[in-house]
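Labels A, B, C and D are assigned to the chains in the order they are written; within every chain, residues are numbered from 1.
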């Protein structure tokens, strides 16, 4: 039985997935995509970085784009519940011989840099500089009117190992996919801390790699509108999958690729998951409505392509099982 | 019986209400309202005029704002079906001793200036300069994403006379309000040429005056969004009534006032009326769902205030009956 | 130059596409689809027919499903402007040696049965029994909340011939697709009478056959909802294409198949076309955004399959040119 | 300074507001309102009770309507994180001389009945019978397509005391209203456990009384639709306030009254509040956009009327300050 009961008292308290840092080759081109097209707000811009947030976010940034020689993911950011939790986290990672350092990170308070058991780079902190909420500055809502970051989704070579690691840290399973093997094996998991379907998800694949990060919009019409905008303003080729409705999570979604190929999901309409006794929903790999309730299979690129974590070696996936792919 | 069968072969063919010309005191302030806030497109701007259109309109303008010493409505514009219709219109108005002239009008072809029997200034034409449709330039859709002009709505001192005048010209009645008198009297009429609820409407009141012009949006969420935008960007006091659902026309609506007090209705979700045998819908003046299906009465200003037509004397209304007014 | 100016004074006046009659094998199964799933209203049911309408329609029916041994389309219905137009229509078709008869048709007044030059069966009438509008009986709006029939779309073996036939009858071209031949040839046309993008469309193909009929909803969310409903209530396999945005017409669409394979388009958000000088929009066959603004190609079935007209022989299409088809 | 930092380690862990129990006089009439009109799902019905839930809820009930001689609120239900928390809760309330009992409650596991310091009846539990989620049974989504219970809102005679009581239990403040006194006094508070604006809110007034309970819909169009449904199916008089946008919480709302006068808020579009360092938003009582961003004042009934808790004596409010009321 690969699925476990939730850990209600974890060694330290993660509040939610809070930000991501990506390497990009051309900041001006990234700005055209993220700000001018998608409508994210630029909290700050420097010669080598662009700090973005959604309209309801008071944290200084939820997306950091940093000039780099090539595309890479450099940090998955999680907010902790307090400064104490930060110290407990450092102790916990140290005790497991995982890297522990406290570099200076602009606009953030004390920040722990570490990595999970599979090598994914993590950034844990409690305090970040605050910016004014723009939720009620409606004239500033542009493009997809993105409200906030929602989740991080990664390829892992070992879903069971990634699941176990984060389950220990109090991430709770909401939905999962199993293979048809006997016994069944975990092929994908959706896990949360903040009370909706996920803060963090893992899919079997060459990894660890970032599959995508998700941003939340208030409704499906915001997502249809950004389809129309992208399709008619030079970003048609950056639309990868959707719009559609996921069977898993019930989300209405659109997957787009930024100018460096980083994948972003526009995401809305999942459900509340705060109840500790919420029964995780099980899907089988060959259920055609798992991917898309309306039956559309995902394109091959969606299963194959992802963003590597800077300096983290890749491993072949543990499972050979294959999902349904569009021809 | 004040209501008549439709005239299918009118003396000349009006296609639709096509534009309005208004006097405004401060073009920069008007631009801030119509373009920056409501999101209308500026086709052209001169020292003394601003030419606006909605995103699907290929006509050069549907709203002309002209610098003036005070607020006024200077023309109600209607498009005819052909140049021949223009000549037949001139003959028809001339035969009734109504004014007939063909002034030069920028961006329009041959244009007949005339007036109806109650003095309302009319501008009839067939050809106008064309601008590229922006319907599939979605990145240019801003504010309320207004698609086109929909209708003109006026106070008249004599609803029956205004109704008879335009019924003769082939305007068809779709909905109307009667008093509870015996016999009942026409208190308001909604008449169309283009196939939805109205191109032109009249309400009993001190007149002739422009009550408002209506612009069409694709859905109710566009109207809710402009409420949010206006309420949080300095235009709160310009929101006069709504949002709500009219009983009459079934429209989802919002009434706003421009910086000169001209009233604009944002309007969507009425119905198709092209069938010549469509039975007009009758409402009584005291039906509380006539104004607003959800029961909210209109404010007093909505019944009292309007834009005078430049140089056209006002007359007291024929009927003393009063609608339901919010305290 | 295959495209012609509009005929403003046609030999008789067609108002709009008004209804369709289809043969179906199992009325109970059809009722489950059209009424219980899509939410159309059943005005009447007999042992061998089901009469349906949308929520704003006061005509007794816009869809007639008649029990038959196999799927077939038996009539394309058009409303005329008056009884006089009906007589003029009979004379016009008779003078061209096209069939003319006046059978009794339930719930309709005098009805002319005829056929166009390519053999498509037509039903022209002026008066139909009326039913109460359900537009403001919102509790009765179910499923896709379909408001009305919008258009009829057919395969024709000779697009130019079909275009010419209906252009003579006053149908106006709004959009069209040409081949890349020199000279270019008409591959598809969209033509209207009622003032939006189309009442009638033709595409090159084995024909004449009905490709689909379109029904209109007030917004895209009604279409997303019916996707969710169909996908989770046993009708997943009946979803053929979409949802998506057409380049042509700008419509937001979904194509579904009824239990007999008849295709229905759920359709919204096109634009007003009443101006007689509206310039038709030209598309080329290989433009990938012609079919779907967002780039999704249509499936092969969408190009190949259609409903035959009962007793009407099929002809191979005149043009061999091929659109972009999903692999 | 009446506002305090959040308590991250409360004496026992409340997960969220989970249900409400109300006395109603006529279950059939209540069923017509809650099920047939609003579209809530009836999990179970007995001779003297109706158990309701929203489409995403797997808990057996979030609204319990129990036959009674007169309207009353009999329990505010909160879910705890574990059975241990239930024991800790019983000890905590007992130590404060507040009532403690464990009655049998149908469909719920062990349930603690108690009351807060001002006398409001509370029902705390961990386990409830589960029902299948209907979130992806879209054909069952009717009326307002309500997804879940969101919050409980009460009048209290002493906002500061109520705030202090629940702040001790780990409820975190998100927004609040102060009087213009020096020093300012708390006039209303919005507090949460589950991560959005509130699970529980208090307003100064004759109390304790239930002001309303809130249910969550996925979008504003669901709320506009229920306005249309109520207004045209015999429930017009039950629409009390809105639709509109609250300044506080940013919610799009509608307030309706059930057949017994119990008030329900249809609520959507607030924001994520899980960050422990989220700064509460302060409003002043005289800010006209506090109540409604668009400027509409609430009616007098909205400030005066509420549901009494069965057997709980009322006290006059501590503050005399008055909000803006519609004339």
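In this text, contacts are C-beta pairs under 8 Å (C-beta built on N, C-alpha and C of every residue); 3 or more make two chains touch, one makes a residue touch a chain.
Since this is a predicted model, take the numbers as computed values, not measurements.
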Farthest CA centroid from chain B: chain A
Of B-C and B-D, the pair joined by more C-beta contact pairs is B-C
Chain A and chain B have mean C-alpha positions lying a whole-number Å distance apart equal to 49
Whole-angstrom distance, CA centroid of chain B to CA centroid of chain C, is 32
In whole angstrom, the CA-centroid distance of chain B from chain D equals 44
Listed in rising order, chain C residues that touch 2 or more other chains are 136, 219-221, 228, 231-232, 293
Chain A contacts chain C in the complex at 220-221, 224, 227-228, 230-232, 236, 239, 243, 245, 252, 289, 293-295, 327
Listed in rising order, chain A residues that touch chain B in their complex are 37, 136-139, 141, 219, 221, 225, 228-229, 231-233
Counting only contacts in the complex, chain D reaches chain A at residues 8, 13, 15-16, 56, 58-59, 79, 81-82, 126-127, 130, 133, 135-136, 147-148, 194-195, 218-220, 247, 250, 269, 271-272, 274-279, 293
